[in-house]
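Next come two complexes built around subunit A: one with subunit B, the other with subunit C.
The block that comes next holds the complex of A and B.
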């Protein structure tokens, strides 16, 4: 199923692959390991070594490449040739044998079925909100998950994204025609999100992804909980936490940890999401929900 | 199968992780928080343990805590009721932490993301397990002694395969550990921290029982029976009801008030330290002799803080009928996290003890890859050079030490326990007569009487030191003080203590290849394959953990260069970062 939004997004990623990086940064596998975000490191520890993983919408593949470092079977699929070609270069450069890359459109059920196997872990981080058919996409990726398998879905939050939308409005309208100011603001906004911006390709990638993206939607916790319920997925937790007074240490507990959170009530969800406006404004309101498919 | 052991809230907080019974990671919280003897819940150490195995709490099968908090609380309450109203002040100050933290261990563990079984075992059992279950012995007598656990202060028993039986105990308030700490306080040093300084000071005092008048005086305080059991005369103490330790009666007995920190250490203080050491040795010897008689075992393992008294450890095999001795590299409370984890694995879950479970080295802490170190150096704009290969690293390090440079040595995994054993060490030339003074003043900012320890390759030890034969395994952990052979006293003045002894560390190629080769290479240059090895820190600071800690420490002291991984960083090349750490040195 090729949608109008899908086409625009595909074109966009062909031109500006994401998450972009300078290939030179990853001369060794150790470089890739060190460059992993703290959250990617927690995610890696939360998944056993012998599990099979598929990262849907892997883009240039920094996350799935990192996860493949100590595993036998990690897949990365994406529909953008531009992003995948960079991923392939990385695979070749670091000789990542256990990392399989394939061009697949997640909205196309036939292509999904053609993969011909199911995985223990399905990750879909920051992808579905660019498809235009988020719910449909979610149901499609579930086809790749084994019964009893685990899923992680990262999306923009309806509340949490408000500050970025304001920044975006400022950057695109108010400062648009002022070159000097524009660059300063751009610099500042990007620093806010990813810290130092020495890797120019990475900074450009982030700017495009967050500020120039042709299509994005936002989603609330309640919405995703409904999808989970409707598809026989047990809810584990969200990151950041959507439970009130939750002081579990994410670093030790990892994700998919049943002790850390309980199912958030309507009121708790509202309170937490309002808090996310401030709490997640640097990440552009990004949040991830973790669950497990019923056996 | 993963088992996590936790020790905290009293002395040194720490965490240890076992994988199928093998200790794969262990570290003290102080190294991460940079607070010496940090007692808080060891979240950083636990996170490190999990990270090192790339797991989360979800994969941990059991968690153990090193003592029984409720039993200890019961003792505390009883003790305060008994001593009411004198104890009111300490009672009021101690209660909040009990109510908020110490009685809520389960809750803190749950916050880690763990809901399974939590085991609590007795304090001294954890000490016994930490030493016995990783020792090379199938059967051994066990003696543990420290300040106080729940009720016990000293226990003895036997270990047989995976079973540990404690047969007897001495209970609070009678405690050798607390006696040592009380005199430490009397001599003006910090309790639970500087006991080892008193041990070092003792060598300057009169070690003859007949001429040292304080020996007889201290004998009035402790009554040592023939079987080694002892009682303290409590009129000399205050610790059972107050924060301060020595009472006025003690001050009167020892001819003067408690020494104030900034005042000079007089000969009297040195003699008191010596008398205390004599008494400790007498009690320990009596207990060990009795234990040998009761058990007929040839092997003995020691646990608890008293087992850090390396001066006495070196005398055990000479003074008692035991043939072999083993002590955990971290025998005090910090090491109990390993103890409880092992106890769960072997004794509670009944898993067999195998050879791979023995603790043959203490390199259990965080390590940093070449890439990580380089990233740190580049990010900070530090000037450095890279060694072409290991041969060059070994040769240049040996040459720098031979040229009387002080070298910071940062390699591989950080050591477990209070001693630097060649991963986070400062190395210097022992043949240089000025080295001791230079290190004490310019580098470590510490008291001039404190000796430095020699490190020697295991195959050379018997040439220079009058050690037990065969060489006990635990000389690898710097736990034994032995006399240095007379002919070498003048040749290695900087590591020869005033009484002609040295607290040596032995090292084998298998344990730490790079360190071993550097010592050998230095031996080729100087004809004496011995180095000064002291912990990489300044006085009162925890040993360095990360490249950043090491660099900061070097730049604030008189360390000339830092050999960190494959990199050489010179102090003189990085003048922009120099600072003076002298004012930061504390007890």
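The block that comes next holds the complex of A and C.
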């Protein structure tokens, strides 16, 4: 299914691959390990070594490449030739044999079925909100998940993204011209989101993705919980937490953890999502929901 | 409610000036504050869950 939004997004990512990086940064596997931020390590530790993983919308592929370092079967799929081309160069450079890359449009059920296998873990981080058919996309990627398999879905939150939308407006109006002051402010905006801007290709990728993207939607926790319920997915947790008085440590509990985070009540969801306006504003209101498919 | 406390002074102000229209604004502000405090409770900050490398 090639949608109007899909075409625009595909062209966009062909021109500006995402998340992107300077290839020279990753000369060895160790470079990739060192570059991983703490949450990438938490994800890695949360998944057993013998598990099969597919990263849907892998882009230039840092996450799936990293996960393949200690696993035998990790797939990365994306519909952008531009992003996949960079990922393939990384695969070749690091000789990552267990990392499979394939061009797939997640809205196309035939292409999804053509993959021909199911996975223990399906990750779809920051992808569905660019498809135009988020719910349909979610149901499509479930086709790749084994019964009893685990899923992680990252999306922009309707409330949490408000500050970024304000920054986006400022960047397009007040700070639109190229001068030292405006560029400093834009650098500050992007540094807020990715930590540092030393890797210029990465900084450009993030700037384009967050501030110049042709299509995005935002979603609430309640919406995703409905998708989970309607598709026999047990809710595990969200990151950041959407439960009141939750003090779980991600470092020790991992992300597919049910020990302390309860199913978020309506009140908890309201409180948390209002808090996310501030709590997640640096990352553009991004949050991830984790769950498990019923057997 | 003693008039030497903040709430007391506010109550006196509302009574003397008959500015009851302010009441819903104050109630809403308190409600939002409570929601924010509840929302922030617990859970360690998890920076950079989107940018992973």
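General remarks:
We adopt the following convention: the second predicted complex is superposed on the first by the 291 of 295 C-alpha atoms of A that agree within 3 Å, B and C clash if a C-alpha of one lies under 4 Å from a C-alpha of the other, contacts with A are read in each partner's own complex, and residues count from 1 in each chain.
In this text, a residue touches a chain if its C-beta (ideal position, glycine included) is under 8 Å from a C-beta of that chain, and two chains touch if they have at least 3 such contacts.
Given the structure is predicted, the values throughout are model-derived calculations rather than measurements.
Of the two partner chains placed by superposition, only subunit C is touched by A:194; subunit B is not.
When the two structures are aligned on the shared chain, A:92 is found in touch with neither subunit B nor subunit C. Contacts of A:49 after superposition: subunit B is touched, whereas subunit C is not reached. Once the two complexes are overlaid on the shared chain, A:249 sits against subunit B and subunit C alike.
With both complexes superposed, C is the one of subunit B and subunit C in contact with more subunit A residues.
When the two structures are aligned on the shared chain, A:279 is found in touch with subunit C, with no touch to subunit B. By the touch criterion stated above, A:113 is placed in contact with neither subunit B nor subunit C.
When the two structures are aligned on the shared chain, A:19 is found in touch with subunit C, with no touch to subunit B.
When both complexes are overlaid on chain A, the residue A:11 reaches neither subunit B nor subunit C. Common to the subunit B and subunit C contact sets on subunit A are residues 247-249. Of all residues in subunit A, those touching subunit C in their complex are 19, 21, 32, 35-40, 43, 62-63, 66, 125-126, 154, 193-195, 202, 206, 239-241, 243-250, 270-276, 278-279, 282-284, 286-288. Residue ranges on subunit A touching subunit B, taken from their complex, read 28, 30-31, 34, 41-42, 44-46, 48-49, 70, 247-249, 251-254, 256-260. Taken together, the subunit C residues at the contact with subunit A in this complex read 32, 35-36, 38-53. Touching subunit A in their complex are the following residues of subunit B: 43, 46-47, 50-51, 54-59, 110-115, 369-372, 375.
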